[in-house]
Amino acid sequence: MGSQNIQLDKAGKLKHFLSIDGLSKDHITTILDHAETFTSVSKRSSKKVPILRGKTVVNLFFEASTRTRTTFELAAKRLSADVMNINLESSATKKGESLSDTLKTLEAMQADMFVVRHQDSGAAEFIARQVAQNISVINAGDGRHSHPTQAMLDMFTIRKHKKTFTQLRVAIVGDIAHSRVARSEIHALQILGVPEIRVVGPKTLIPTEIGKLGVRTFNSLESGIDKADVIIMLRLQQERMRSALLPSGREFFNTFGLTKEKLRLAKSDVIVMHPGPINRGVEIDSEVADSPESVILQQVTHGIAVRMAVMSLTMGRV
Amino acid sequence: MGSQNIQLDKAGKLKHFLSIDGLSKDHITTILDHAETFTSVSKRSSKKVPILRGKTVVNLFFEASTRTRTTFELAAKRLSADVMNINLESSATKKGESLSDTLKTLEAMQADMFVVRHQDSGAAEFIARQVAQNISVINAGDGRHSHPTQAMLDMFTIRKHKKTFTQLRVAIVGDIAHSRVARSEIHALQILGVPEIRVVGPKTLIPTEIGKLGVRTFNSLESGIDKADVIIMLRLQQERMRSALLPSGREFFNTFGLTKEKLRLAKSDVIVMHPGPINRGVEIDSEVADSPESVILQQVTHGIAVRMAVMSLTMGRV
Amino acid sequence: MGSQNIQLDKAGKLKHFLSIDGLSKDHITTILDHAETFTSVSKRSSKKVPILRGKTVVNLFFEASTRTRTTFELAAKRLSADVMNINLESSATKKGESLSDTLKTLEAMQADMFVVRHQDSGAAEFIARQVAQNISVINAGDGRHSHPTQAMLDMFTIRKHKKTFTQLRVAIVGDIAHSRVARSEIHALQILGVPEIRVVGPKTLIPTEIGKLGVRTFNSLESGIDKADVIIMLRLQQERMRSALLPSGREFFNTFGLTKEKLRLAKSDVIVMHPGPINRGVEIDSEVADSPESVILQQVTHGIAVRMAVMSLTMGRV
């Protein structure tokens, strides 16, 4: 995986943001620190800063995701960029134009940044390898591979609540197999020095090769979240489940749904996270989603700040 | 109907704009006066004012309406706000997220205003009761209940042409039963002191309980518009007519369509209004729509100014 | 064709931009010179100029074209205008509103410019004849009739590479019959004094009346591009071909596809143009599309500058 090289410039600074894999602790800390400055912007009466004024950000969505597109669009607009939303399912590709020609055409229109969402793993890196020198590419989720801004907003949220990463026990619970988030989380947690990372879920939803990443696997929620400092619930990607890997949402809830009662097994100051949108009563009980332990809505807020940070850092506007 | 409380803050000022019902004459006059200042903005070479600069306005449309969305989007942009259009039929709700969670997520993104269009009566108020303290909700039409900005732009248009409301005879003609506009108009006209409000239409299109609102019912166009100062034609909502309440557009035109000839029954300085889009040859003859008595296009212009006024007032930016 | 009158104001300056036909050499040169100033804007770190700040540009697309809409939207945003995208297939026209009423409604919202794309020839001029005095109409392609901004960006590109128009041999190759571009190109080239304009293609794709325009017709690619200074390849509009005028893309390529080998027949400093999106292996070989002779991506870049020029000139903002 060579994204290590491609996403950094010669001075080792972020040029694209494609995956957590290949970044140093310093890169990640820089993003987190920079995002911190933007949380205050979002609280101001006027939430706009002129950092990307006159820049053109193109949302290249090969896969529809209103929620993710909205966060990137908001982040870009609050940086004063012009935003073009291009749904590539309904665009020139239909007319038989190749992806490469579409990209070159958008470059020729002097786009400055592509925010890419694609159903195929590796698509964002593929695009980053194609684009002109001056363009930054941000991965907004590619296949099952990576969703690095989601991982970063989660790290940001953990840092807000926990003093240090180096003594944490973090449990990632649910549909690990279909999650582009889980992989990015694991990389980020490791780089930040988290000593114990657990993946928790039914055998059918945990890839067998996951052990290679240096995480511990649990097939029981109770033991998986035992004394955890942080629980990251994953969305049960029902629409992605193509084969009968799961009996039903209800049955999943009975064994892996996080309830207030089960949550008592974790540490008393545990925080519960979820990338959203949540399936109440499937992977998480409503009572937990709305509990003081839940930081789910804070994650959304932090997501805007983190995306503003990544956008301005990759554009060299700090 | 408790929207009276919810749409006002503790000082009695507009916080949300959900329905005309519950507002005082003073509230309405404040909106009209404020809108007056924005009519000059729209005539200027640059139509932008920085009143909502750095604010995020979210158009939450659960029901498609290009025309209404366009007017709110234009109003928000001319106030320098950032606008996000979210069509909720095609968004996260499809993924099984609850409305409440969608709202909380948008709040967490630091939205400042929701402009809500919904097919169900009461939806805007329901949303206003859910949102965080700092968010304003504008009702852009909910079911058959209310369309208060439409009513306000009509009041604005009447005030432009008639010196006082307290001596007017106003006839509202057409599909009263399916109209969210009619109800809002009646409330606004009453609050402003209009002594004679008439509803005019075939029995099948006038709800039996309408008399309770203190209006006079006419089932003949000729007697209904007799000596009227203002005629408000309603759009025949053909797409809403689910049962066979009407024979045909042509037959409706013969009995309730406003023609130049019938218009002579009204006062000589009558004005003719219509919320648009008009069905020429169904509820209104082309000759009337294009006549000097018609103020239909002025209504559209006033709609932008009134929406700018409501947006800035509810946001406390005056 | 009376667009000559309608697109100019009384002082003879551009008011609308509907077709090349009817413009003087001076009009065209003014646009080209003005576009030159905008090419530097697009290279600046901030690509925004305040020329149309506070103006409302409405993209009225009766026919979907993401690519064309994107270029106009970008051009308008870089001029600091507010842009409203209205897809009229999915809008009020569905509710039975006439085009004329839709236009009047948008005017009443104080739109300043309509960028019109329509499947019918003459639609842009029809609209320009309807709109209020203060509104400018830009033709973004109407039926088979005209696509004047495409012609202008091509002229701009030719001027960048060739010192003078008055000694050029220009070959337009491909589907002349279904091309709205070809007609506009021919007019522009003639006005600029190009002595030899050739149209090249199979008989079925060249209208018989084309000779009247003063161009030479070739049914062989080899003889058509012989010693050409400029080759303009047209897109094979497969989706427009309603009857069986062509055997297949492959067969077309064998006889009219531009290959590196055939390109040797042209002058050694020939430039190859194409309006995009290109069909590699149908009208043009990949090797040619990516060759030093190809200026296809430069055309895209120039397209933004030319559209910025046309928008600011028609709005009297120079």
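By letter and in written order, the chains are A, B and C; residue numbering begins at 1 in each of them.
One rule holds in what follows: a contact is a pair of C-beta atoms (placed from the backbone, for glycine too) under 8 Å apart; a residue touches a chain by one contact, two chains touch by 3 or more.
Keep in mind that this is a model prediction, so the values were computed, not measured.
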Graph class of chain-chain contacts, one of line, ring, star, complete, other: complete
Equivalent interface positions on chain A and chain C, same or different at half: different
Computed distance of Cα centres, chain C from chain A, in Å: 42
Contacts with 2+ other chains: residues of chain C: none
Contacting residues of chain A [partner chain B, same complex]: 42-48, 64, 66-67, 70-71, 73-74, 77-78, 238-239, 276-280, 297-301, 303-304
Chain A - residues contacting chain C, complex: 53-56, 82, 84, 86, 90-92, 95-98, 101-102, 104-105, 107-110
